[in-house]
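Two complexes follow with subunit A in common, the first pairing it with subunit B and the second with subunit C.
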Partner chain A sequence: MSIETPARTKRPSSDRKIGSTATGTKVLLVKIAALAIVDAISLYALFIVFAQRDWVVFGAILLVTIVVNVVYFSKRMLPAKYLVPGVIFLVVFQVFIIGYTAYIAFTNYGTGHNSTKQDAVAALIGSSQERVEDSPAYGLTVVESLGTYSFLVTDPDGDVSIGNENSPLAAVDNATIEGGKAVGVPGYNTLNFSQIVAAQQTIAALAVQISDDPNDGSLRTPDGSSAFVYRSNLLYDESAGTMTNTNTGVVYSDTGVGAFTASDGTELRPGWKIEIGFANFARAFGDESIRGPLFSVALWTFAFAFLSVATTFLLGLFLAVVFNDRRMRGRKVYRVMMILPYAFPAFLSALVWAGMLNRDFGFVNQVLFGGADIPWLTNEWLAKVSIILVNLWLGFPYMFLVCTGALQSIPEELQEAATMDGAKPWAVFRFIKMPLLLVSIAPLLISSFAFNFNNFNLIYMLTNGGPRDVAAGVNVGATDILISMVYKVAFVGAGRDYGLASAFSIIIFVLVGVIAAVSFRATKSLEELN
Partner chain B sequence: MTLQSRGRMATGAILLTTALALTACSSAGSEDKTPSAGSLTVWVDADRAAVLKDAAAEFTKESGVEVKLIQKDFADIQEQFIAQVPTGKGPDITIGAHDWLGNFVTNGVVAPVELGNKASEFQEVAVAAMSFDGVTYGVPYSIENIAMLRNTALAPSAPTSYDDMIAMGKAAGTEFPFIVQVGPESDPYHLYPFQTSFGAPVFGTNADGSYNADELTIGDAGGDEFATWLAAQGAEGNLNISLTGDLAKEKFNAGASPFFITGPWNVADAQAAGIDVAVDPIPAPGPNTAQPFVGVQGFYVSAKSENTLAASEFLTNYIATEEVQTALYEVGGRAPALTASFEAASSDPIVAGFGAVGATAVPMPNIPEMGSVWQYWGVTEAAIISGQADPVGLWQKMAADVQGAI
Partner chain C sequence: MTTVDKAKSTQRSFNFGRWFGATGWRHLIGVVMSVFAIFPLLYVLSASLNPSGTLISANALFSVFDIGSYTQLFDLPQQPYAAWYGNTLVIGITTSICTVFLGAMAAYSFSRMRFTGRRVGLLALLLVQMFPQLLAVVAIFLLLNGISDIFPAIGLDTQIGLIMVYLGGALGVNTYLMYGFFNTVPTSIDEAAKIDGAGHARIFFTIILRLVAPILAVVGLLSFIGTTNEFVIASIVLIEPEKQTLAVGLYQFVSDEFSKNYSIFAAGAVLAALPVMALFLYLQKYIVSGLTAGSVK
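Moving on, here comes the complex of A and B:
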């Protein structure tokens, strides 16, 4: 058999050699065509990004394009040819996101601090324009002369006046009137709507004083066809960097907290995003509403993740062993049925279970327990049990699948040999199959632990962290795990605090990372068995 | 060689998709970018899109300004608007609910809208809901509130009082005397009419009708009475924390109670289930009128829009017309905010019934402090209903927690 093999392969290999130059040219053409398309698309992207003046993205695209071209046109760098696409994806979808989360953790990004100081000033000034009470609405025609826009306004009494940025309203008597509204005046060009739209940023910013006294207010137009009298109650002093409330005289200044702050500590909202160092991490460990429940929540998180893995693994393994027995009939049908829970979306199953475990109207109490009032989801301890049970239902098919696969890869000879040596079935399983199984399953158990550690969907959909002890005064319930607590602390309540949430993500990331690293190290001892 | 070149082709293919993905990102970015003068980008949910398309076409015809409608999932709009406006990639106009306004203003993402003399053409509560700190930020198009649905086959006439309703419900011999959704963390929104009937609104109001966050009135004497009442109703089984929204609807549609306290969104399904429904005011268990919350929806202008004039023109002179408001009512079934359209829609007794309750109702607070209220409110009510501890003590504890959080 082994003698024949070289003879068999020899002929085709010489054939291939003739064909390979033709294939080589074809491949080269395909390669050039593919790279040409990539480069064309990159070039197009570069133009767009250039137009948007987004230099970071511009640099990134340029770099990627150059790297791709160099790698694929070079005759060497074979490993890079395989690695580059994967590395690009890794950077875009993993490294960048982790890096960005880490950056956000050091900022105050969240409700009231979601943009730049410049935007905050603009928004404050914009919303500080108060329409003067009981002031009339003016009919407006925007007119232009020598590049200066003016407001030609008709008040409700029919009196016409004109004014612009530099000169307050003054009466006009020679205007053209149409339908009770002045539409033109000699010496000025009347703008139609599309001309107004073309110049709308200038016109929207235009404020025409109604008298020489600026405190009487200014005319502004929201739509180009009518004007109203506004007074601003906030004044921004650009050189001093302060906001002054013109009604109360309170001065708000930038004290480095990312908002204009008065001397008594009141802040003007919106503020802006700043970098705040380790303040989010300090809050994560120091804030009473977080520190109080942190210990019990962390304990339950570990218990939940460990019990979830242990129960699903044991049940999955048991079923895998049972269904792996050749004496069992209809194994395939049973196996398909076992995998069904895995085929439903987990969050949907959690919702269905929440309905079935309802105390008064749920299927479990009504049908299985004959109308009992068992508080499955509203008692502190039963809720924990319910969560583990539902997660068992959701998770065992996965363990069943991987255990079946691993069991089938163990050679039958080993079992036969052990049986010949007089080992009982339990001993065969305990000393032969189990160690071999663990070599391939242990890493999956670790990843399953990491997954359940952050199993937000299940908790959120089944109990939403509840039941909550109202007397405790914190928004954390008996079944909240770390990630759902983070969600509540950062996103439920008055505002969203992306900075704090990111800081927590980093902490949980470190926690899970350390556990995984330690566990992986431990699994090495399993491999040594072989 | 073959193997190697095949590998190269595969990597080439992967590379191509990488590049496509990268450019897809960048080109999508350029589409979302605020367009140059002469075009408006509007975020709208799927139901409203068709109506806006017609209004937009008319606006484009008359003004020459192009309107780009982008369909969004309504539930995602608030988050995305706050995140995208600061980057300059948000829309010029978005659809939204009035209780998002506090969050929008705090984040500086909305620009004021001057309704001018049009303000009086809207129902007062709608404009009040779209205002924050005395400034109007949005153009409303619909108002929505809860009322009481009555199964006319089980209860031929409207109850005169709360006790009357319970008596009628018991006389009907159904599973529940009346139904209101509660759920494991309670539902303060649906129970609010009962709470206001005891004279315990969440916040005090300023002279102009806006809410005053400094004056938390939820813990007043009326609140204690309401808490005691909640405990009594929980003990009697009239309120049950197992009755979630889905179950409540299912039970009413199955004829398990003559009365159902809910909103117009459940009417169509009840009628489809063959129930002849009438809409009545919510009977007050306390001395005052039972005032539910009103939810208003409307359109906001982005603070970073470069097309403010065109956006204002579109909203005040096209969206705020009777024709468009009526069309929006016809697709969504929500009562129009424009008085003229509302009166036209009131020929439908269901709309008229909800509208009559809405006329006495109060806007749901849009101040950001409301977020701190929700997180304590529901669970406390749930604890009281299930009889966990002294109702007054729990209620006062909640008021103190809310005050602390604010």
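Moving on, here comes the complex of A and C:
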């Protein structure tokens, strides 16, 4: 979008006119102050990102800062002054994330694959440590600084060093020595016995690397007063890129699947994030235990969205016709009553209905059906019916409102003329009112379809997508729609699979794109733009 | 003559069949639909007034009147209801004010200025708003996770982070709604002000914004309702219970102990719904006009 291009019709002269007045100076000062704050924040961000050597983010922040400054200090670029703030948010949190989703879909990002290879090596070595049998005892004092615990260590030769979780041991020469053991060092507080007891879990979990090389092992303490060398039973060979289990002798190597893999196929977890091409899509469409659920979920998504629109529209239209009669009294009262479900927050409605439709205790079974045992939300097909019914309750007021509005905007003369020509009421409705109504309602029906296509709240809060499909290779149920499936694969349960979930998201994007194309054609919004 | 008229009208009011044929059946449908519409709301209100608590005792409608559940609601250590309520209001109000402001600025420039890329920009907004943010929920989570490494204050598990994500959707449908309304304000007003020496900012803030106040109210309200109802993104961004919103908190509350504490949940639901419903019914006329202009709940 070329929003930065200068305005053609606006001349800079009108800007200067205001700048010379007193209010103009005030405005200018406010503008400079606001920009100063923005620039200060950006500068801070740039420093942090610079320290982390993340050049892509650095470039992005720098670019945004420059654009903002140029736009607001320039005398021209008037439209950009009004567009830039919203567009920045739009680009980052709407456009960028779509592209980022596409990127994630081509990675194995997820539980066990959410970091870099270096992190994975450190985590593997850290998690498989065992005490070295003949390790000498190191004199230990636990010290604390700014909430971080460190080990002050006196090795068997009498050399003193200090280190913590994030930094390996480094020599210190100004420690206080008592009885051959360092007990304090300037800048740190020495923990007494009761403090050690209070923090014993943290201290017991603390491992301080002896040197920069993780293979050298690290110090841990069982009691808070002496430390021993713990060494990993995994040995990382950096030049060969392999992990060797020193107990069993098995060699795990990087075979390009994002984890160290032995020759028999066993993988060491955690692995790391890599780009895996179309593998997620291949799984989605090739693996029978995923392809089956994916197709049935997609089918149900379309069926649900279509039935939602159809049922709410038909009921709303019917009610609009029924109440569109001037002779009838108390129409306003009925109208308010019927709007209430729409005014009630939607997520609460679904939760309330979930309670009413509960199989064992719910109102519907206990009172309306006299203690029956109908599995409204736990039977595959009844759950689908329940969802459509609850959505009818949620959605008919909207359709009632818009249909009433559309009916009332149809001129009375048309009806009178048709009646004069001998048309029966049904014919008047079918051939005169309905076509006129559809002209104004059709775009709303399409946007309602698009909305229900992703009506996550209703599905997730009413049935939680259940009943669960046990045969499926992913966490998915009979009433899940595509978006709730994405959510469950990515965030629910122990095994999170961001890559596969993003691949599903991309599939939804394609489907929504098709709906959007249809909608554009139907509403002819494109031609209305001037 | 008057006696004849009177006789006629009394005769008509007693003719039930004719009355039913004309408008009576409409009342019948109206009553049935009103019961259907209002019953779940009465049910939750009744459940909230019955502090014995379980789902099954909620079935005896309005047998007990006791506000015990409402006081208990604020004493749950694991479920900080008051904090959820405050968070929802803060996030909802901040988001809707910023959304109105960003949207109005964009609509002003699209409506009043002519520049290269204007048509493309409008089309792009129309296109982008077809893809709701929740489709990219995984990317939002990972993006905020990345931001957390640099700026913990605006990353994951912060309300500012969540508001920023919501503001990504501030343009889009809102700009469109406002753009149409801005176009109905005659440009001669701007021109008159311009001749009097007013700059673009003064025209925008002191003239245009006042004239388009109704659409600002509609967009603000729809944005507020949309934000308070939003679950997907809020549930993955906000992790600590004290930071969560009503939608996230109440959902977890219900899924943790569904049939045991139904009364407390119902009390929470009633309190959460009251302000939204009051606002909605009060501003009904404006909202309906906004709805027909192309927005869905």
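The working rule: the second predicted complex is superposed on the first by the 282 of 530 C-alpha atoms of A that agree within 3 Å, B and C clash if a C-alpha of one lies under 4 Å from a C-alpha of the other, contacts with A are read in each partner's own complex, and residues count from 1 in each chain.
The rule we apply is simple: a residue touches a chain if its C-beta (ideal position, glycine included) is under 8 Å from a C-beta of that chain, and two chains touch if they have at least 3 such contacts.
Values in this document were obtained by computation on a predicted structure and should not be read as measured data.
Of the two partner chains, neither subunit B nor subunit C is touched by A:N166. In the superposition on chain A, A:N358 makes contact with both subunit B and subunit C. Judged by the touch definition given at the top, the superposed model places A:T378 against subunit B, while subunit C stays out of reach. By the touch criterion stated above, A:M328 is placed in contact with subunit C alone, subunit B being left untouched.
Touched residues of subunit A, counted separately for subunit B and subunit C, are more numerous for C. Of the two partner chains placed by superposition, only subunit C is touched by A:L340; subunit B is not.
Legend: residue contacts after superposition of the two complexes on their common chain; A:I48 is shown touching both subunit B and subunit C. When the shared chain is aligned, subunit C comes close enough to touch A:T101, but subunit B does not.
In the superposition on chain A, A:R269 makes contact with subunit B only, not with subunit C.
In the superposed model, A:F89 makes contact with both subunit B and subunit C. Common to the subunit B and subunit C contact sets on subunit A are residues 23-24, 27, 45, 48-49, 52, 57, 78, 81-82, 85-86, 89, 92, 355, 358, 360-362, 464.
Contact residues on subunit C toward subunit A in their complex (touch as defined above): 22-23, 26-27, 29-30, 33-34, 36-38, 40-41, 43-44, 47, 54-56, 58-59, 102-103, 105-106, 108-109, 113-124, 126-128, 130-143, 149-151, 164-165, 167-172, 175, 194, 197-202, 204, 225, 228-229, 231-232, 235-236, 247, 250-251, 254-255, 258-259, 262, 265-266, 269, 272-273, 276-277, 280-281, 284, 288, 291-292, 294-297.
By the touch criterion stated above, subunit A contacts subunit C in their complex at residues 1-3, 5-10, 14-15, 17-18, 23-24, 27, 45, 48-49, 52, 54, 57, 78-79, 81-83, 85-87, 89-90, 92-98, 100-101, 104, 109, 319, 322-323, 325, 327-330, 334, 336-349, 351-356, 358, 360-363, 366-367, 393-395, 397-398, 401-402, 405-406, 440, 443-444, 447-448, 450-451, 454, 456-457, 460-461, 464, 483, 486-487, 490-491, 498, 501-502, 505, 508-509, 512-513, 515-516, 519-520, 525-526, 529.
Interface residues of subunit A facing subunit B in the complex, by the touch rule stated above, are 16, 20, 23-24, 27, 30-31, 34-35, 37-38, 41-42, 44-45, 48-49, 51-52, 57, 61, 64, 68, 72, 78, 81-82, 84-86, 88-89, 92, 111-112, 114-116, 119-120, 122-124, 126-127, 129-131, 137, 193-194, 196-201, 203-204, 221-226, 228, 269-270, 355, 358-362, 377-378, 463-464, 466-468, 470-471, 473, 475, 488, 492-495.
Partner subunit A is touched in their complex by these residues of subunit B: 1-2, 4-5, 7-9, 11-16, 18-23, 26-27, 29-30, 33, 37-38, 63-65, 82-83, 85-86, 103, 105-109, 111-114, 116-117, 133-135, 137, 184-185, 240-244, 246-247, 303-304, 306-310, 312-313, 316-317, 368-369, 371-372, 374-376, 379-380, 383, 386, 388-389, 394, 397-398, 401, 404-406.
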